[in-house]
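What follows is a pair of complexes built around chain A, which joins chain B in one and chain C in the other.
On to the complex of A and B.
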């Protein structure tokens, strides 16, 4: 695998949309061609080279290309948007929409990511070593198609709207989360190893939430049906199993009604 | 004095009888003229196709319903093209949205396709100012809007009491108050019934409380329309839209026009325009045995000259459905569970909005696609069958070039059929695969400008006849040597070589180069004031409306560059 290292040389006045920083866009290009790729600051179109200097070499294919991002990129959005393969490592905190709509490959953020992390993601892996903000693995605003595949792991805590309208894939938040988990979900798994303030599974048709801590304000649309043992993220625990959202429409599979599940660790 | 001549193009103008012969079109001061001096600017159209500007007889492009769609679908704007268009020196404008584009994109995209007129299909009278405000912000296009009358309490009462003159006077008053062009009817009686949680699915279901039927409503409105002699006929979206088996209800609705002749000074021959016929031509008893009823419906349309229709072609896209048919949208949401908005407009109408994906891998969507094309291909008189997608209901208007491609090329239809997961079932439930008819450019000119213009009573403005506005589309298509690759036909209709608006080049090689003034067309009926109707209006406003009569009508300064189509009623 070849590596391109991009280092911040100047800050934008507003925020810079780095939608072209993907192994797919870099692969097969010279450093000069990469530096000439467009990036937007509001309505102004710049080149990536106006803000970063580039070293190293891109691979022939996306799968063969790794990108390392250095510098204070807290005002840089959309790294890895729509990427299909390869790897991105961001060595600091970064802004919104990291890995949105990605279909493959891996993104690692050594610091915090902001909101809309991995929204509508279809595949691949995102690892955030710090915290994430709101809308992790959700649908884009207004859309009904959330994360459908892949894995997002946040080592710290996360905000609200985790896995909204999710249909597949896995989100793991190792710390606490705020409100709205798996709202409107039709599939997928969200594991929260800390506490949640509330509103887990509202209008959920299908999907699994595993909560290791407390749900401060549980929703009335769920009822307890069993106590079960489950293997989650490599270890086995005992959970109370709740089904719901009982106020939402139900689908059937092979004659059986499908519910969403909340597994609350005992 | 500005002069211009378009030389050596293949000209198709069914209104003036030009069938693709090489001809020169002369323009002076924005109008079509017989000839110009040798100082005239020359546009060389050799090897190109020349038509009048396109006329869209039915689309939802402006107003509160369209804007609610924009509000509830931010995702419709995402990853959808250039985002900015227009003229650089004016500062480019936002061109956003796919199925519910911004006003700016609406104007630019129509102009790039060679269209210069659109008819907004459903203006809620109470909210007419919003429609006119969006017209102001839609560049280049002349526009008009039809207020909805099919669930209006005044009309219900006048029709029930058989007060034709009063009904006509009220309609004339409302056209003036809203600056509307003609009478739109949506699910007659059904939208009012929906306010009671009910619907009218046949023309004989009584409307709750008012105790009249959709049949009486439609007949009463046709009678009033011809009494007034409006430029356009009654324009109807009938009962039971979108349900299997509804082709019978559709033929029942069409039969309401029997025995009535058009009476007007605008050259219009029909008394009823049935819009988006595709949604009304369904056979079967459920979605399981759903099949095409296009043949049955078109047999009726073909043999009854006082009817026009538009297609409402499904384009196989993700789009946004929006209609004044509130109950229909509720039922659609029960099918697809995406998201739904519903609005009631007091005393007048309502509406609903639901996003929808016409997926080529869903059998029903494939059959709907086939039905629309069958309507075009079964048509005997293409002046009476117009191309629409009921934008955005069956697909965005930006797909008209694709619809044209499908109608002109069996190869293109087969290629689309081949991409369908349930191709065999679609073929079994329709006749599309056996239809080898391929329409020509003259046919397309009838379906996209001459026919709609005539049905709207506007062919003296929107054609290439002497005195008409010089709205002209020049396409990169050699009429004598049409490309064998149907994709090139679609591409040619997507971006004109030139579009002219009142003699000004507004599009050149697919790029917007000018934004000259545009008009809002409306129908001004000159008739003596009707004291009874004015009394009824005042009474209803003080008793039932939440607004005062004084605040109801759109202000003259609200209406952008108004151009009245005038007529006198003694």
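On to the complex of A and C.
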């Protein structure tokens, strides 16, 4: 795998939209061609080379290209948007839309990520070593299809709207989360290893939430039916199983009603 | 002889009452009497003929004072700064007509900036919920003529929409509601015992910020899982939930009016989202509709005008020139201000100085700030340029959308102060000037 290292040389005055920083865009290009790729700061169209210095070499294909981002990129958004393969490593905090609409490959952020992390993601893997903000793996506004595949792991905490309208894939939050987990979900798995304030599984048709800590305000729409043992993220635990949301419409499979599940660790 | 003008529209709240009677002096410059209007509406008409109206644009001087300048200078200054800014933001439009809002869309499309309206700090979450879940709504006329169960959830019309209850919902006698209030059941859901709760048959004193749970409980009952409810949800007893749910199910025609109590508490759009889901559930057994208690008389207008222009009602990002983008959280005014993401601000037909959080105002104040408003307000007093305009519904007419998306033609009742422009003319002149500067290559 070939590596392109991009190092920040000057800060934008506002925020820079780095929608072209993906292995798909970099693959097969020379460093000069990469530096000439556009990026937007408001209505001004810059070149990536106006803000970054590029070293290394891009691979022939996206799968063969790794991008390492160095410098303070807290005012840069949309890294890895729509990427399909390859790898991005961001050695700092970063802004919104990391890995939005991505279909494959891997993104590692060695700091915090802002909101809309992996929104409408279809595949691939995102690892955030710090915290994430709101709308992790959720749907874009008005879309009924949120994250549909892949894995998002946030080592710190996250805000609200985790896996909203999710249809598949897995989100793991190792810290606490605020409200609205798997709201409107039609599938997928969310694992929260810390506490949640509330509203887990509201309007959920299908999907599984595993909560290791407490749910401060549980929804009335969930009913306890069993105590089960489950293997989650490589280890086996005992959980209380709740089904719901009993207020939401339900689908049937082979004559049986399919419920959403909340597994609350005992 | 003083002239009486009938069926005038009131430029205050989302009720957009259109039955106002205004008596105007012989010379058409003074308003002598205003009838059929609430105390706040009266004040707006009185302000229209105040002798203290600002008549010329005012520019901030290096010593901090304001100096009168001509409209031409103000238009040129605004056009040049809009072209120079990387990401200008125009925000407001609660109190102007649709013609002005369409002209604003033209300005920001040329300038390549952000366009937002007061919904961003008001009923924006309702839009997001409507995107997600639809909007089974009706007009206020249908409520008046058909509704026998009225729910006010997180809204207090007694104070915010003074004529809402008497003109549309609780008290009027309509075609199928000949007995008026006597045959209507009123349910108020609010953490406080408001003046609206005072006229209700049922007041559910919900725990603040837990509306989502209570909606969930109502949906459980409608889906036949009432027995599984815990003894208390969000501070409301199970028996009371079952009783009110029964009234809802047996309604002939019900309407849920919701306000800031839902859009301004945690969860925001999800509170509305589940309210819409509840309305849908109720429609399996009865006939139910839902409506947002929109704040200003034409705050529904920009949502309608920009939806047909750009495809989105608010929080528009027009910086890419060839397509519009919208994602509140990123493109919403307060978020952009807090993140220091815009470099020019135009406040029009509202008062961001009073309504935005102080840190947001401080960030915006670092950059050029223009206020377009007939009155002196907090925004005008901190701006670099204040351009006075006509007051829609008083000295200029125009199309206005009521809270139920019904367009109403508002009328001019008095002549504007000499030389004062209306929003549409002013904004079109700014757009023309920008086009001129671009053609000359000065942009």
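Basically, the second predicted complex is superposed on the first by the 266 of 266 C-alpha atoms of A that agree within 3 Å, B and C clash if a C-alpha of one lies under 4 Å from a C-alpha of the other, contacts with A are read in each partner's own complex, and residues count from 1 in each chain.
Just so it is clear, contacts are C-beta pairs under 8 Å (C-beta built on N, C-alpha and C of every residue); 3 or more make two chains touch, one makes a residue touch a chain.
Predicted model only: the values in this text are computed from it and were never measured.
Engineer: More residues of chain A are touched by which chain, chain B or chain C?
Structural biologist: Of the two chains, more chain A residues are contacted by C.
Engineer: With both complexes overlaid on chain A, does A:199 touch chain B (first), chain C (second), both or neither?
Structural biologist: After superposition on chain A, A:199 lies in contact with chain C alone.
Engineer: Looking at A:247 after the superposition, I want to know if it touches chain B, chain C, both of them or none. Which is it: first, second, both, neither?
Structural biologist: Touch status of A:247: second partner only.
Engineer: Is A:234 in contact with chain B, with chain C, with both, or with neither (first, second, both, neither)?
Structural biologist: neither
Engineer: Go through the superposed model and pick first if A:255 touches only chain B, second if only chain C, both, or neither.
Structural biologist: After superposition on chain A, A:255 lies in contact with neither partner.
Engineer: Touching A:220 in the superposition: chain B (first), chain C (second), both, neither?
Structural biologist: A:220 contacts chain C only, not chain B.
Engineer: If you stack the two complexes on chain A, which partner ends up touching A:134: first (chain B), second (chain C), both, or neither?
Structural biologist: A:134 contacts chain C only, not chain B.
Engineer: If I apply the document's touch criterion, which positions on chain A are contacted by chain B in one structure and by chain C in the other?
Structural biologist: Of chain A, residues 43, 140-142, 144 contact chain B in one complex and chain C in the other.
Engineer: Give every residue of chain B touching chain A within the complex, in rising order.
Structural biologist: Per the touch definition, chain B meets chain A at residues 72-75, 78, 84, 337-339, 355.
Engineer: For the complex, which residues does chain A have touching chain B?
Structural biologist: Residues 43, 139-144, 249.
Engineer: Touching residues of chain C toward chain A in the complex: what are they?
Structural biologist: Residues in contact with chain A: 85-87, 111-113, 128, 131-132, 210, 212-213, 216-220, 222-223, 225, 228-230, 233, 266-267, 270, 273-274, 277, 281, 319-321, 326-330, 339-343.
Engineer: If we count contacts the way the header does, which residues on chain A are in touch with chain C in the complex?
Structural biologist: Within the complex, chain A contacts chain C at residues 13-15, 40-44, 77, 96-97, 115-116, 134-135, 140-142, 144, 160, 165, 179-180, 183-184, 198-199, 202-203, 217, 219-221, 223, 245-248.
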